[in-house]
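Below are two complexes that have subunit A in common, paired first with subunit B and then with subunit C.
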Partner chain A sequence: MSLQTSPLEAVRPAFLTRVTPVARLVAGMAWLVTAILTLDPIVPLRLAIVAVIALALWSGLPLRRIPRRLAPLGFAIVSLTVFSILLGASNSDRSLVALIEVGPIRITGAAVSAGLSIGLRVVVIGLTTLLVFGPSDPTRMADSLVQQWHAPDRFAYGTLGALRLAPQMADDWAAISAARRLRGIGSDGPASRARDLADRLLVMLVAAIRGAERLALAMDARGFDSGLRRSHFRELRVGWRDWLTIGFALALAIAALALPR
Partner chain B sequence: MSNALALRSASESARWRTVDIVVVALIALAFGVVFYAWSTYVWVWLQPLGTPWEYIISGVWLMPAVVAPLVVRKPGAALFAELVAAIVAVLLGSQWGLDTLLSGFVQGAGAELVFGFAMYRRFGVVVACIAGLGAGVGEAIHDIPIYFATSSGTVQAGIAALEILSGGLVAGIGGWLLVRALRRTGALQAFPADQ
Partner chain C sequence: MTRALDASALRPAAPPPIEAVGLGWTYAGRSRPALEGLTFRLKPGRVLLVLGPSGSGKSTLARALAGLVPHVLAGQMRGSLRIGELDVATTAARILGERVGLVFQDPDSQIVMSRVDDEVAFGMENRGWPRHKMQARVPEALGQVGLAGFEPRRTATLSGGEKQRLTIADVLSARPSVLVFDEPTANLDPPGMFETLAQLADLARRREHTMVIIEHRLEAALPLADDVLLLDDEGRQIAFSPASSIDRQAVALLERSGAWVPGAWLDGDPPADDSGPRAHPQAARARDEDVLLRATDLTLEYPAEEGTARRALDAVSLEVRRGERVAIVGPNGAGKSSLLMVLCGLRRPTSGSIGLRTIAGGGGRAEPLRDPSRLAPREIASRAGLVFQDPELGFVARSARDEITATERATARRPDGEERHSEADGVLTRFGLGHLAGQDPFQLSQGEQRRLSLAALVLRPPAVLLLDEPTFGLDRRGTEAVMRLLEDLRAEGQAQLLATHDPRLLPFCDRVLALDRGRVVFDGPPERFLADPPYSPAAPWRLPAAPALAPASALALAAPGSALASAPPAALR
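Now for the complex of A and B:
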């Protein structure tokens, strides 16, 4: 297992990489809320189309990597859509015309439309996540949260310090698994697998706590918890790009909701 | 112990040390790594059951919200742990990222409220179980309108019930058992959970 940490992908400089992360977060949340607000599939569809254009033109992410990164969502999109269509509330509404009626299964056009809106919601979530978190690394996100939203700096940078250990934790997990295999501790059947998961989780948590103690000691030795006011190594400034991004996202969200179909 | 002394020690222990911050973040990270590694296995034997039944084990995803507060015993630990877990999910390449921030917030808040009602003084199995249920309620509040808005009321109620039940059993009681096992290993000596 390989864990990519910061940055998620190599990005080339682009419009969105120059926008501060918090501005991207606000814009992304506005879209997320818009996609959730309605059960009309046209709204998330419009947002998804604009998101794809934005990803291609302004995100700086390599285009050929994008389908692979969205692939894990594919299963969720398909299963949620099928599930919503099959079990839609409007299927039992006798006043609506059924598209398909086979035995106990009855599917109305309203249920198909509602199911598509749920599936497209997930598409919008996936694309917006890429637009918000793709163009820069967690360090800049932490900088942005602390400087612009005045998030508590000890928490932001403490978390950042801990996240640096992600690849090491993945190695720990591999080592734990290898050690258990070597000792012949296997698992078959769901109950034994659950037991196995709990055992390995425990070892992982011990490793996490030990790691946290060492890291905290090192950070405190460098005055992390000195109580002095922290200055900033990378100054972030809110510029016209941030306001343009938020304004553009809001305008598109309103347009997606309000435009006639 | 007199009441005044108890209050004083409670307010002092409300301050987060560096090690508390880092350990909550690392607990969330450890869960993130394990979920990432396990999702392949879990999916394989849950897929045939269909979408709703996967919610039987949904409590596993709420574990950080119970385990982290049980270890550090600080106000805000549940909320902080779930938010870090959401960030970890983004780091590991989860495309649910943006929505995970929302769901992490409501789930963490559900557990946080319960620990807050117990005045951050009680961390036994009962409070842990109720906190797990609280996180499950938060999960249902998030999931139902977003992913199951179009389903019939029965389906919605069924999914909510599974999520809440799983939160109480897997995250609540399971999380408490994990922390008890952790204490026995001696790993918690730097934390108030080691009593």
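Now for the complex of A and C:
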């Protein structure tokens, strides 16, 4: 019973699809570090705007499908922002002017700023992840890690194999939950719900381990990690595009930090 | 499948002979050997078909030929196995791996890469082939399995048959001289099975490889074989001989072991398929209160990611009556699984209605048909049950006994007591699982798991039982056991819908509902479906020449729990 949806990946050639995955990873890290380092909402806001532009112009991703895929993240962003604003420590600081004061609720400008800063940082993390991993399939990332960063084969391609099993796990989860529902096993109350979740996770773990064992055996049968030096079907070279991407990303990160706020 | 390739570039090293002398293997931690005392010599370039029931060590033999046994899997080896001049016990796995290509059962659990050309190159990369050779070899190997031009395609978007041909290209790419196939069609729909078998036939004709085939679609596989190796349920050799001169005594032993046996080897007429339990008295009368499930105009659309929405179900209507058994057939993606999910209320249809009801007790008025998506879990459990293809996903308890009583415990809220234990043990004994009451369901064999998944529905049998590939991966004995249990449940009035790829089950159903791209393309008696399948090409959907399944009349005899209840557990194993 397949519930798989197609992965969100580049559908047309674009600048970033021709950049080595490792270069995108470096560029993305620069942005994430910048976004995490600052406490105000301005820097992450600037990075988020640039990231949206980069997605639209250079990623090759199907733009119409992005909002739906980011929906779960959107929920996290909204709830994080709202709760940080409502529960911000500066709300109880009587020396700050309140923006809103209704009964027990008192919200200061500092709390709004801190809340937005947290929400926008999650936005930047989400968009950057898309820019790093979206433009090429995971195989290229593994190739790139092995060829350019000399990551061990077993780690890179092993992870790749595990990644391929992820949609299967989603299907299994749906089947496990369905089976329990049909057997009349509902969960009422937090205790039985927790036990039910633990039971379902155990079944999925067993299924996932069996799947991983089968894949590992198939990989072994095809000579994976048999002690020979692996060659590479696809050669990845670092070129001008890669340096340009890293340089541009760094320049934007510095500008986002340095420009007057 | 066209091949306009330079033949010399495709020729592997000369095929070697395969020789086993007293070969045995016991997996680490097991007391019973998986294989014992195999002695045979397969001549170079010949095709060997291995036959045997579940647990006969067929897969272990395949793993030994590829060097996974003893080099990757732990255990103890006895005797010797030689591939040409190489002794498997003392040759490094990577050297064996270069000579032997192994194709497994499920293409989805052996494809590593997300692009077709990367996937074909994977084995060559592992063996350190230079890039220019790989670039030349990838299109050759794809062409050899009829997938020329598929290089940039995504592996996830291929059909089942295409995926399995891709895995064959994977092993062909590194130019092995021995090919081993471990049930390569088991996970495929009928068209995929035909595609793959045609590919095997093509390879067999070329005589460029020594081939070992493990396959349960015997009618199609037998004509490819030069030799056959018969194994019993303890992993011992019954016989090794040319396929054309197999002796009767060996066939009798193979049949007794519970394996599927080619119809051509059996005496007498193929099992009569029209004298069976189909004409069920309760199904014949057209009374409205006998309708246990009514679906009208079901449409299920998956949300559109790009462009138009995909219709998994398109205006599907059906009625299933008390005691009726309906087969749901169709190629992968035709909507079989979607239909099962919608019928039991796990998925809400985009439009259309579904009604389910419980089986009315003696003389009582039937309750109205009710929409499953509006019912609480415990109300659904008495109306619809679903058995998954992989029974493990459906297990909810940590012992076989608790598995039987899980629904009772969750819905009736009776205290757990001795009474319920003995009730559960009674059910387990009836299903030939009495000795396993305390066992963890995950520790059981495949056949035992399947029977337990059915046994779990016995104490509170749902009015309608939905089954997804209920006999998948079972040998003849296992299949017959499951069909007997279904017969037993049906005797109490249960209606059954089974989605299956196996045409051998159709004669045991009252009706066949055939789906294609979400639409019902046929709804009628099985003999009419088998005579004129509503698909093109039709051949994959026909019954193989002679099904080696017990005659329907034998199953009918077992129906009201009589023969079954008195049968010793061993007969069901």
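Here is the rule we use: the second predicted complex is superposed on the first by the 233 of 261 C-alpha atoms of A that agree within 3 Å, B and C clash if a C-alpha of one lies under 4 Å from a C-alpha of the other, contacts with A are read in each partner's own complex, and residues count from 1 in each chain.
Note that in this section a contact is a pair of C-beta atoms (placed from the backbone, for glycine too) under 8 Å apart; a residue touches a chain by one contact, two chains touch by 3 or more.
All of these numbers come straight from a predicted model, not from anything done at the bench.
**Student:** Considering only the touch criterion stated at the top, classify A:Gly60 as touching first (subunit B), second (subunit C), both, or neither.
**Tutor:** The answer is neither, since A:Gly60 touches no partner chain.
**Student:** Counting only touches as set out at the top, which of subunit B and subunit C does A:Phe224 meet: first, second, both, neither?
**Tutor:** Both: A:Phe224 reaches subunit B and subunit C.
**Student:** Pick one for A:Leu80: touches subunit B only (first), subunit C only (second), both, or neither.
**Tutor:** Touch partner of A:Leu80: subunit B, not subunit C.
**Student:** Touching A:Ala198, do we find subunit B (first), subunit C (second), both, or neither?
**Tutor:** After superposing on A, A:Ala198 lies in contact with subunit B but is clear of subunit C.
**Student:** Between subunit B and subunit C, whom does A:Ala207 touch in the aligned arrangement: first, second, both, or neither?
**Tutor:** Once the two structures are laid over each other on A, A:Ala207 reaches both partners.
**Student:** Applying the document's definition of touch, where does A:Ala170 land relative to subunit B and subunit C: first, second, both, or neither?
**Tutor:** The answer is first: A:Ala170 touches subunit B but not subunit C.
**Student:** Among the partners subunit B and subunit C, which is in contact with a greater number of residues of subunit A?
**Tutor:** Touching more of subunit A: B.
**Student:** Classify the contacts of A:Gly126 with the two partner chains as first (subunit B alone), second (subunit C alone), both, or neither.
**Tutor:** In the superposition, A:Gly126 contacts subunit B only.
**Student:** With the two structures laid over each other on chain A, which partner does A:Gly161 touch: subunit B (first), subunit C (second), both, or neither?
**Tutor:** In the superposition, A:Gly161 touches subunit B and subunit C alike.
**Student:** Could you look at A:Leu70 and tell me whether it touches subunit B, subunit C, both or neither (first, second, both, neither)?
**Tutor:** The first partner, subunit B, only.
**Student:** Using the superposition on chain A as set up above, list the residues of subunit A that contact both subunit B and subunit C.
**Tutor:** 1, 4-6, 138, 161, 206-207, 210-211, 215, 217, 219-220, 224-225
**Student:** Which residues of subunit B touch subunit A in their complex?
**Tutor:** Residues of subunit B touching subunit A: 16-19, 21-23, 25-27, 29-31, 33-34, 36-38, 41, 43, 45, 50-52, 67, 71, 80, 84, 87-88, 90-99, 102, 145-153, 155, 174, 177-178, 181-182, 185, 187-188, 190.
**Student:** Would you pull the subunit A residues touching subunit B in the complex into a rising list?
**Tutor:** Against subunit B, the touching part of subunit A is residues 1, 3-6, 8, 28-29, 32, 36, 39, 69-70, 72-73, 75, 79-80, 83-84, 87-92, 111, 114-115, 117-118, 121-122, 125-126, 128-130, 132-133, 138, 154-155, 158-159, 161-163, 165-166, 169-170, 173, 190, 193, 197-198, 200-202, 204-213, 215-217, 219-220, 224-225.
**Student:** Touching residues of subunit C toward subunit A in the complex: what are they?
**Tutor:** 63, 66, 68, 72-73, 92-94, 97-98, 102, 104, 106, 108-115, 117-118, 121-131, 134-135, 138, 156, 170-171, 174, 305-306, 337, 340-341, 344, 346, 376-378, 380-382, 384-386, 388, 390, 392-396, 406-407, 410-411, 442, 456, 460, 468
**Student:** Any idea which subunit A residues touch subunit C in the complex?
**Tutor:** Answer in residue numbers: 1-2, 4-6, 62, 64-65, 68, 137-139, 157, 160-161, 164, 167-168, 172, 175-176, 178-186, 199, 203, 206-207, 210-211, 214-215, 217-235.
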